[in-house]
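First chain written, first letter: the chains are A, B and C, and each begins at residue 1.
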Amino acid sequence: METNAKKIKIGIVAVSDRASAGLYEDLSGKAIIEVLSSYIVSEWEYEYTVIPDEMDVIYKTLISLSDRHECCLIVTTGGTGPALRDITPEATEKVCNKMLPGFGEKMRQESLKFVPTAILSRQTAGIRNSTLIINLPGKPTSIKQCLDAVFPAVPYCIDLLGGPFIRCNEQQIQAFRPKSS
Amino acid sequence: METNAKKIKIGIVAVSDRASAGLYEDLSGKAIIEVLSSYIVSEWEYEYTVIPDEMDVIYKTLISLSDRHECCLIVTTGGTGPALRDITPEATEKVCNKMLPGFGEKMRQESLKFVPTAILSRQTAGIRNSTLIINLPGKPTSIKQCLDAVFPAVPYCIDLLGGPFIRCNEQQIQAFRPKSS
Amino acid sequence: METNAKKIKIGIVAVSDRASAGLYEDLSGKAIIEVLSSYIVSEWEYEYTVIPDEMDVIYKTLISLSDRHECCLIVTTGGTGPALRDITPEATEKVCNKMLPGFGEKMRQESLKFVPTAILSRQTAGIRNSTLIINLPGKPTSIKQCLDAVFPAVPYCIDLLGGPFIRCNEQQIQAFRPKSS
């Protein structure tokens, strides 16, 4: 049984002009919390925020969650489409030291099984210092679909970044940690 | 029956040193016109031009078709390979506000079913203001293959960009418009 | 029987702090030499080097192999993961005139058949002048898997770059050269 000196803290950011203005309830951010709760059996806590599609706000929110709150993982939802206001991937790239194109490829590939418009999704993932940042699309129904597709690689990625050890419920998700190369 | 206040105008750009010098006839640009004509049942018109593989010329052509001619869609052909003169994706990225990596991924995936050299294709897609720009490869036989792969997502993308409503011939192509999220 | 005026010279670069410090033997670079020897029947020679995960060193090594040694192909191994010291893709992008995203997509797609953590691999390929540069992951067992996936497109790519004609052992790898478009 591993001891976890480091806290598991996860940032959840819903990016939506309308939800942040109170015009409707954010369901996608809540869906992320629900799905992660079903995956993770280690003790963890989250910072959850709903913000508008503003470059400056997204940028500062991601930096604060990474640098100040020391989240090992940040999951965003929304702002990944082709519309004028959709700029979450650009904000993500701006705060990251390196990008992980495989996350976007994999999520689009999965979504393509359901809708041909999946190619319009621009979501990506990247790393800021020791924080993995993953963009999910804004549609509540896509949240579990996309997390199911990429989360098996997330705990090992956080290991490689020197973060806390995340233990998962094998009935819900098969996290994969390769033998050391 | 939707009323279409906005004109559907599509730019078709064949990028080829040899075709623009009159050394051979451009077949790929003409193939694009033919395929789009079979897809689209709404009234539409096109601007068609054949230009050399020069950064400055491609750049100005794309900007003119987007800003002056107000095309909702520009389809290029040629200049997407690895050779020295192939620079269409770079010119496209230069004029775009945001990129859509899913188009290139999907087209390469389709082409890989036919030839392993599909991984050499660097085509992409992006958005300049309200214009969707899609690169296709230069080979005439790939035109329909690639358009069949990505066009189902195009009318909805143009909807999201505030452009005209494009109605398609369902026998030829299944355009997909998801229920509002 | 083609005559090969140009020499086939291939650079092999193992990027690893520990191997370059002598803490263990580089097996991946040696695996690349072995796999390429099984593929290529034309006469060829290689430049092989083991270097640390330092941007400046990787950068200068790639430039030297391309500009001074006139390698038509450089294959790197290591430094493609998400960890802090992994910067081979960034160094590659820095020396290249154009990128070939299809290589990374194809390699991740293949690796995904074996491990879900393949999405953490950031390897790419690009072109510096007449040199094709391909990143492979650092794990010795992935070398043949990744080369099998992308090498069929390599000889034709080098043709397009004006490089030497590479003849392959068809029993080992099916190089593909499309009829001229």
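One rule holds for everything that comes next: contacts are C-beta pairs under 8 Å (C-beta built on N, C-alpha and C of every residue); 3 or more make two chains touch, one makes a residue touch a chain.
Everything numeric in this text was worked out from a predicted model, so none of it was measured.
Peer 1: Give me the C-alpha superposition rotation for chain A onto chain B, in degrees, nearest 5.
Peer 2: Answer in degrees: 120, to the nearest 5.
Peer 1: Quick one: compare the interface residues of chain A with those of chain C and tell me same or different, with half as the dividing line.
Peer 2: Different-residue interface.
Peer 1: Counting only Cα atoms for the centres, state how far chain A is from chain C in Å.
Peer 2: 31
Peer 1: Of all residues in chain B, which are in touch with two or more distinct other chains?
Peer 2: 101, 105
Peer 1: Touching chain B in the complex: which residues of chain A?
Peer 2: Result: residues 81-84, 86-87, 89-90, 101, 104-105, 108-109, 112, 115-122, 138-140 of chain A touch chain B.
Peer 1: Touching chain C in the complex: which residues of chain A?
Peer 2: Touch residues, chain A against chain C: 98-103, 105-106, 127, 132, 150, 152-153, 156-157, 160-162, 174, 176-178, 181.
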